[in-house]
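Each of the next two complexes has chain A plus one more chain, namely chain B in the first and chain C in the second.
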Partner chain A sequence: MESASHHSYRKGKNVLMQLVTLACALLTIIPLFLIFFHLLRSGFGSLNLAFFTHLPRPVGEPGGGMANAIVGTLVLLGLATVLGVPFGVFGGVYLAEYASRRVAWIIRFTADILNGVPSIIWGMAVYALVVLRMKGFSVLAGGIVLGMMMIPMVLRTTEEVLLLVPSGYREAALALGISRWRTVCSIIVRTALKAIVTGLLLSLARVAGETAPLLFTAFGNSVWSHHLSDPIAALPLQIFTFAIAPYDDWHRQAWAGALVLLLMITLINIVVRLLTRDRFAK
Partner chain B sequence: MGRWASVPPASAGPFQNLGMKTKDPGGDAGFSQDTGVKSPWDSIFKWFTFLMAMSVIALIFLVGYELFKSSRLSISKFGWRFLVSSDWDPVAEQFGALPFIFGTLVSSLIALIIAVPLSIGTALYLTELAPVWVRAPLAFLVQLLSAVPSVILGLWGIFVMVPWLRENLFPWLRSAFGFSPLFQGPIYGVSILAGGIIIAIMILPIITSVSREIIRSVPGLQREAAYALGATRWEVTRIAVLSYAKKGLFGAVILGLGRALGETMAVTMVIGNRPEIAKSLFAPGYTLASVVANEFAEATTEIYLHALFEIGLVLLGVTVLVNALAQLLLRAFGGSGVKA
Partner chain C sequence: MNASTIDFPVQMNRNESNAPGQNMQKPNSPEPEAHAIAPATAFQIGKLSVSFGAHTVLKDVSLDIKARSVTAIIGPSGCGKSTFLRSLNRMHELVPDARMTGTIRLFGENIYGPEIDPVVVRRRVGMVFQKSNPFPTMSISENVTVGLRLNGIRNKGILQERLEKSLKMAALWDEVKDRLNAASTSLSGGQQQRLCIARALAVEPEVILMDEPASALDPLATTKIEELILDLKKDFTIVIVTHNMQQAARISDQTAFFYLGELVEYAATRKIFTNPSVKQTEDYVTGRFG
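This part shows the complex of A and B:
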């Protein structure tokens, strides 16, 4: 027989541990609220139309904006998508539809390791690979580095969602006399398309805030870039430059830039969440 | 061949939430290689996707090769001394990575000490102990935290966290634990401890979400058996869940370590960037990743650039090993690996 006091000890411990883990959860998300709070407080006041339409001003001249950095981030993301996504999506198709078990294991393992390679390392490699060869920082180098970082992420998410397509779809298509590659492209990938796009958006949200790999590839500037071989500004770079400079004006701009960047990324995350609410992707 | 020959069970990775809940009803359908109508495009398409998939293998070798090639001057000049020397003098062209290795290890260790209990506690709360209606919104908030870019965290670190540490937490730590050399010396705010705290915030979400997946994959029967013995909810968690998931949780921690070692922007902004090996946690430090971020663009001599590339090579080697270990542990636990 269990004594009453031991029983209440066990119940008390149960409640205590629930509270302890609740405290852990609160401590984990407190930084999130603090960051949003300070971003809104310090960034919102510096947001105005000029922020979205003007170029940065030199030190000492108040005003100016980050128009070129906002456009630069979008250009780099677009370029990264064009360069990286075909590798990721078709590589994922190979893993899900064709690869033998062992080959799939090796590729998956490598992709997971690549996802853990620090972003600054990607920047150094692309510096050696592209910047040194082209003899200058460029839009192209920035797009290449972000594109490379997207490949393993997109590949893994594509594979996972393709594996969720019921195999009955494959059988039915083949039974109708459709060739295998058409089955893959028109039936299986079509079925999972929405989920593939969701994975793609998540990887875009992840590279959108990357700074370290752009430091010595896209490099940043304070004018408009017109060629793929020019350096180009990006929001994260601009935030970094302004944050570590000793000028109050620039700090305000950095907060505003951070607010815009975080809103962009949060927006993508919310879209993803809405997309994944539906039970089945069409 | 793979999918066409025998259908593997639907993956139970962390992407179940991508909106496709359908499980494979067919099971092993047993196609032979020759099923279906032949088209010349079949093999072309297959080889095309094969090449695309091989790009990840090519990438890892490419990255390693480029770093190695670009650091050969430094490797041949300093040899192994590079790893144990603490001279970092670009003017005299003497380079040793020890202060950066030290700073990286210490800041990552601090981060793990803070983040591991918090994130495993959070994961337990999210999966086992929280009321059901709390779970999904809370998990979404954790996911949002993981979406905050490093540079924004660094901005917040410079202007909010570091001043607070300087005015409040550090003086308190010094008066409470000042007997230990770890908490002695002048307080600047920017410090190896500040770096560790900011890394902890960065890796909290990943350890939490991977641990959550691990705990979720613990079979329900385990829990039911413990409940049947009259265990309380916490006892079920401790006996049936935690001990079962130990290895996987260890994998999650190692994965977090891998992220911590390579964290760059936020750390660079708060760690003080001074290549010193100091006893005090209040002293500024420097990490492998932040020295590259800071000095790469201004490396004027060739040997300087090569030394920085060698630092990158060291960092690459360490993170690849740590991540490989983490993935093996997670796979041994039964998952298909974790991307996040």
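This part shows the complex of A and C:
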């Protein structure tokens, strides 16, 4: 029999533990609210139709917007998706379904290292491989660097969610005389499809805010870009340029740009939540 | 319905469909033994050994399995029952370091022949697993027809006909006919298992392997599965692994007792349960070990 005092001591420790963990949990979500609040206060005033439809104006001229940067970010994300999704998804399928243990280990290890490579190094690599060769900053180089960053993320999440598909489904399909590749495409990938798309969107949200690699590749400009070989603006670049300039007007626009970027990323995350609401593995 | 218009071994008449090697017969080199086999034998298994890496799981198992009857495989856990069953439709090959020696003939045809595609073997030899596994992204009807659809059958009429026929054979039609498009996961455990049986039946196999199909079900659902098995044996050859002695006694015609990877005794079910020849068998069926 334990004593009553020991019992209450333990109960007290339990309550304390709960409070500490609750405080830590709250601390992690507070920054998001602080950021949102601050961006709303500093940037909301500069959000108007012109912000979404006009090009940036030179110093001293009031007004103007970030239309080219918003479109630029969408174009870069589109290119990154075109590049990152097929390589990432097919690579993940290979890893989960076909690779021998040894090969899988090597690819997994490499992908994990790549996922930890600082984004500025990705920028330098693509600068050396693409920008120098094409003799200029370009939309293409920007899309390539973001796409390359997406590949290892998508590859690993795809692999992980495919491995979560219970082997019973794989066996059931094969036992029906369904061929291996059809089993993989129509049963396994289909079962995990929502989770794969979730991984894609999350990686897209991750690269949407990248700035450093774009400084080396897309570079940014303040006009519309018409060719894949032109430099192109992007929200993070534009925010950076405006924020370090010594003009109040540009600072306000930088805040507005940051707000739009955060809203875009939030939107992606909301889509992810909607997709995962009714996921196969609860 | 014309079988030649679709690239799938459709069997129109079940009474003829169990003819030796119908689906896999090679044009100019029929197996000589094929003629010697009575159509009443589905599987001829000779000196079957299976190992996973260095671990030998089945040793020199030889037996014949009768067509259109129920053969029960019994034995303590880990004695190789599942491995034996899975070697009958080459499912054990999914394990990377699995090795098999010996011969297995299905209606006279060597299913391990060098030119035989395991995918085709599995269409002829269907399987139902211990844990019911309907595909969660598919509706009830999609689950039943998936084996046909993924093998290229698009004809709505054929799919509809097979859907209804398979669900009726699996004694599930009346329970689901009003909600064929509902999620398969909305069914009860027993219904899900019968759905899996319907799914296996839809591709019109000749043999159905069942690995403890009722061990996760309640008594009522188990009874339904047992009744279903007795009904299906009119048309199919059934090999069932079971842990449940009473179940083996109730539904099977022959029983094979496995122990430590060897076939200890194989005889008519009545004999195994009333007058076994081997002491080990008697000890097992009377519950003295296992």
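Throughout what follows, the second predicted complex is superposed on the first by the 249 of 282 C-alpha atoms of A that agree within 3 Å, B and C clash if a C-alpha of one lies under 4 Å from a C-alpha of the other, contacts with A are read in each partner's own complex, and residues count from 1 in each chain.
The definition used in the following text is that contacts are C-beta pairs under 8 Å (C-beta built on N, C-alpha and C of every residue); 3 or more make two chains touch, one makes a residue touch a chain.
What you are looking at is a predicted structure, and each value in this text was computed from that prediction instead of being measured.
Asker: If you stack the two complexes on chain A, which partner ends up touching A:Leu164: first (chain B), second (chain C), both, or neither?
Answerer: It touches chain B, and chain C stays clear.
Asker: So, does A:Met17 touch the first partner chain B, the second partner chain C, both, or neither?
Answerer: Once the two structures are laid over each other on A, A:Met17 reaches chain B alone.
Asker: According to the stated criteria, A:Asn48 is in contact with first (chain B), second (chain C), both, or neither; which is it?
Answerer: neither
Asker: A:Ala172 contacts which: chain B (first), chain C (second), both, neither?
Answerer: Once the two structures are laid over each other on A, A:Ala172 reaches chain C alone.
Asker: Based on the superposed arrangement, let me know which partner A:Ser186 touches: chain B (first), chain C (second), both, or neither?
Answerer: A:Ser186 sits against chain C, while chain B stays out of touch.
Asker: Just checking: does A:Thr198 make contact with chain B only, chain C only, both, or neither of them? Give me first, second, both or neither.
Answerer: Once the two structures are laid over each other on A, A:Thr198 reaches chain B alone.
Asker: Would you check which partner chain A:Ala243 touches, where first means chain B only, second means chain C only, and both and neither mean what they say?
Answerer: first
Asker: Looking at chain A, which of its residues have contacts with both chain B and chain C?
Answerer: 166, 168, 171, 174, 177-180, 182-183, 280
Asker: In the complex of these two chains, what residues of chain A are touching chain C?
Answerer: My answer: residues 166, 168-169, 171-180, 182-183, 186-187, 190-191, 193, 280.
Asker: Could you pull out which chain B residues touch chain A in their complex?
Answerer: Of all residues in chain B, those touching chain A are 1-4, 7-8, 10-11, 13, 15, 17-27, 29, 31, 35-39, 41-42, 44-46, 48-50, 52-57, 59-60, 62-63, 66-67, 69-70, 117-122, 124-126, 129-130, 138, 140-145, 147-156, 158-160, 201, 204-205, 208, 232-235, 237, 255, 258-259, 261-265, 269, 289, 292-293, 296-297, 308-309, 312, 315-316, 319-320, 322-324, 326-327, 331, 336-339.
Asker: Report the residues of chain A in contact with chain B in the complex, numbered from low to high.
Answerer: 10-11, 13-14, 17-18, 20-25, 27-29, 31-32, 34-35, 38-39, 42, 86-101, 104, 106-122, 124-125, 127-129, 148, 151-153, 155-157, 159-161, 163-168, 170-171, 174, 177-185, 192, 194-195, 198-199, 205-206, 208-212, 215-216, 219, 236, 239-240, 243-244, 251, 254-255, 258, 261-262, 265-266, 269, 273, 275-281
Asker: Chain A touches which residues of chain C in the complex?
Answerer: Residue positions touching the partner: 89, 91, 94, 119-124, 126-127, 129, 131, 133, 135-137, 146-147, 150-151, 196, 199-200, 203.
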